[in-house]
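Chain naming follows the written order as A, B and C, and within any one chain the residues start at number 1.
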Amino acid sequence: MGKIRSAKIRNAKIADKIMTIVFYCIALLFLMLLLVLALYVVIKGFVDFKLEYLSFNRKGIGNQFFNTLYLVFLSLLISVPLGTLAGIYMSEYAKQGRITKFLRISIETLSSLPSIVVGLFGYLVFIVMTGARWNLMAGALAVSILSIPLITTTTVDAFKSLEVGYKNGSLGLGATHWQTIYHVMLPACFPRIMTGIILAAGRGFGEAAALLYTSGMSTDINWSNWNLSSATCALNPFRPGETLSLLIWASRSEAVSANATQIANLSSAVLMIMVFTFSIGARMLSRRINKKAKGC
Amino acid sequence: MDSKISISDLNLYYGSFQALKNINMDVKSNEITALIGPSGCGKSTFLKTLNRMNDLEENVKIDGSILLDGIDIYHEMDAILLRQKIGMVFQQPNPFPKSIYDNVAYGPRILGIRKKHDLDEIVENSLRKAVIWDEVKDRLNKSALSLSGGQQQRICIARTLAVNPDVILMDEPTSALDPISTSKIEDLAVELKKNYTIVIVTHNMQQATRISDKTVFFLLGETIESGETHEIFSRPKDKRTEDYITGRFG
Amino acid sequence: MNQKRNMFQKEYFWHGLVTIGGCFMIVLTLAIGVFLVYKGSASFTTYGHKITEFLFSSKWNPADSSTGGGSIGAAIYIYGSISTCALALLIATPFSIAAAIFMTEIAPKLGIHIFQPAVEIFVGIPSVVYGWIGLTVLVPAIKNIFHLTYGFSVLAAGIVLAVMIFPTITSVTADAIRSVPTQFRQASYGLGATRWQMIRTVVIPSAKSGIYTGIILGLARAFGEALAVAMVIGKTRAFPKNILSSTNNLTASIASDMGGAMEGGEYNSALWSMALLLFLISLLFIFIIHSISSKEEKKINGKN
């Protein structure tokens, strides 16, 4: 019995060692894949770099870069207040039970919508039904539909993880519910909510399918025109605005322009860098939050 | 009777903190040895050195020697084999989220025993030895988590027995249980010592007097006094032992 | 006294505002559902097609006008979506689970400091970038390796989707593994198991429902992906002969055809029906995830 047992144990230990090696290999593969992907995109983007690619006209991606930032900015303008309010409602005011159940289902449904479906909805409501042409605002609204559930969930989680003492302390001093929220709880939750906002922004940069039929695939900005109602004014949100991601999509058929490939490569690189920056930014912010929490 | 387990000059460090100081002890076969002492004095840590569960934690340094049947368990024996010779029952009953059968058959299956007939036999024997066969024989396929706390603990004991150990370590096995389950497990321990060696950590001094043959008093990582249970409790030699037993601290 | 009234007015004001915020969410969701059903059912109500034709026929020839009379068999697209997603799952799942095990059991310190951030970064990469790399690197590679005319294929789409859903499945699985109680691991080691035996026989079975959830989430993400797939799948309106043939799927065809289809026409309505189908499928996924976790809850609660 003893000999058989030792043999079985030896086999088990060999299997354990083999599996450990297998796991290390897969992990290495995964890391290498990410590294190669990132490096490839960034290097390819800048390999045939010509300064004119960054220009703010038809030859460069400057306009699209601006459109991307502006669109995300607009969508945050809409989704942050709505999302935070909805989140506050859900965690502080709504009667726990049926209403919160409906809210939770809504949030889940909204966040699992394929972005092309959201884009179609946006197309229907913001373009067809309003009779408008492609415009940035419609795109921003479509992206908001995607960001609102994220920000709401972040807000709800942030409130849930607050020390109960904050709320009780404030109420105990005679403050109203809203005063407590506004002066005590929101500021305490702020860093966490900020992380969610940064993540939502990051996602917004890369959004494409929702913008196909809302903000359009063309852009024509005249940087000397500051007449807000003009279709070529940079700051007019009701003009069409191709974003970086749609520029990449457009380049898939090389008949678009001679430099389409290089432009798309550069756009990919820029998008990657933006996403990395925001992802790392959100990480660093949440690490600072955790450090502070532990410090207290 | 030779010692089943011989501990000499055992020291254990968690980083720079010394948790066990110069432990010397002999555990005799077919006896119940109780480890008593206030919380946090190293009793559980010591128990875990006996089956090398401490190996799984970070920053643990051990020196000294522990011999099982004369073999050094740290330098001359494989940890996996050791854990099959020295089994452990934990404070919180921790049956796996599997059926009762699969829980008890877990150990043998790890050892490569596959034949249903062999496993059935082992499972029944172990459940009988743990005095729980009659209660569960008709629902071996039900989840072990559907049992009461006391029953779960006896399943854990059966699970340990299924691996056919020589020694059973029990780390406060009844502290989370009600009095009736506690007494069932105490009776079980007394019955088991006929065929196994048992080392039990307990906070409950009455439990030590009820079931153990030898008692060792731990204080701040050291063994203050050890000896026959009735001697320790009626005529303790060290004042600290006496203070603890009479409830002046602890 | 006035101050107090002010306080309460403010309270009511903000209370009202947040309630509007909350209701807005519910209204928005309902609106999307209603519009999709309205537009998507036009194929069946206005143009008189049967649902069975839509789902099972591969004759796709809708008229781009409001007179109708064409056919809207979307079976090719449905099959395209299913096959690419199934392939993606097949490729990604084993690697994801292995990576998750590595992150949590084999090298947890590396896991927290290197892999967790790596997974998060992976998730953030925009899908068009994946599609672009697929188009410029993967498609030519497949074309060369397998000596085809084009590299656009189910394989290309499957690989691109697999890379996209890999971080999703990995992080959900890692969470599920982390939430397996330590006592189980201790009991397993105490009985003389090796680490791999412990993972295989205790940790993974206990984390099963979380792993299934991760897989469904990955599947949902793959199903809804439009542009990345469109760039590499080939847009061929035919059933793929094998993994190396090009084909088309629901999301890609909506993305490319919606712009040209006349508003309100039969073609347009057919595309909306596809969108409705996508919507219903994502609801189905939510439902499946919920039933997995409520089954799990019943198991835990039914025991204690």
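Note that a residue touches a chain if its C-beta (ideal position, glycine included) is under 8 Å from a C-beta of that chain, and two chains touch if they have at least 3 such contacts.
These numbers come from a predicted model, not from an experiment.
Asker: If you tally the C-beta contacts for A-C and for B-C, which one comes out higher?
Answerer: A-C is joined by more C-beta pairs in contact.
Asker: Kindly work out which chain lies most centrally, taking the average of its C-alpha atoms as its position.
Answerer: Central by C-alpha mean position: chain C.
Asker: Going by C-alpha centroids, which chain is farthest from subunit A? Tell me that one.
Answerer: Most distant chain from subunit A: B.
Asker: Determine the centre-to-centre distance between subunit A and subunit B, using the mean Cα coordinates as centres, and give it in whole Å.
Answerer: 53
Asker: Roughly how far is subunit A from subunit C, centre to centre by C-alpha average, rounded to an integer in Å?
Answerer: It comes to 17 Å between the two C-alpha centres.
Asker: Find the geometric centre of each of subunit B and subunit C from their Cα atoms only, then give the gap between the two centres in Å, rounded to an integer.
Answerer: 50
Asker: Multi-chain contacts in subunit B: which residues touch at least two other chains?
Answerer: In subunit B, 80-81, 84, 110-111 touch at least two other chains.
Asker: Provide the list of subunit A residues touching at least two other chains, using ranges where the numbers run on.
Answerer: Each of 9, 12-13 in subunit A touches at least two other chains.
Asker: Touching at least two other chains at once: which residues of subunit C meet that condition?
Answerer: 192-194, 197, in rising order.
Asker: Considering only the defined contacts, which subunit C positions touch subunit A in the complex?
Answerer: 7-8, 10-11, 14-15, 17-22, 24-26, 28-29, 31-33, 35-36, 39, 95, 98-99, 101-103, 106-107, 110, 114-115, 117-118, 120-122, 124-129, 131-133, 135-137, 163, 166, 192-197, 220, 223-227, 230-231, 251, 254-255, 258-259, 263, 272, 275, 278-279, 282-283, 285-286
Asker: Which bits of subunit B are touching subunit C when the two form their complex?
Answerer: 51, 53, 56, 80-84, 87-88, 90, 92, 94-98, 106-107, 109-111, 143, 145-146, 156, 159-160, 163
Asker: Can you check the complex and tell me which residues of subunit C touch subunit B?
Answerer: Result: residues 181, 183-184, 186-194, 197, 201-202, 205-206, 299-300, 302-304 of subunit C touch subunit B.
Asker: Mind listing the subunit B positions that touch subunit A in their complex?
Answerer: Against subunit A, the touching part of subunit B is residues 78, 80-81, 84, 110-112.
Asker: Name, in rising order, each residue of subunit A that touches subunit B in their complex.
Answerer: The touching residues are 5-6, 8-9, 11-13.
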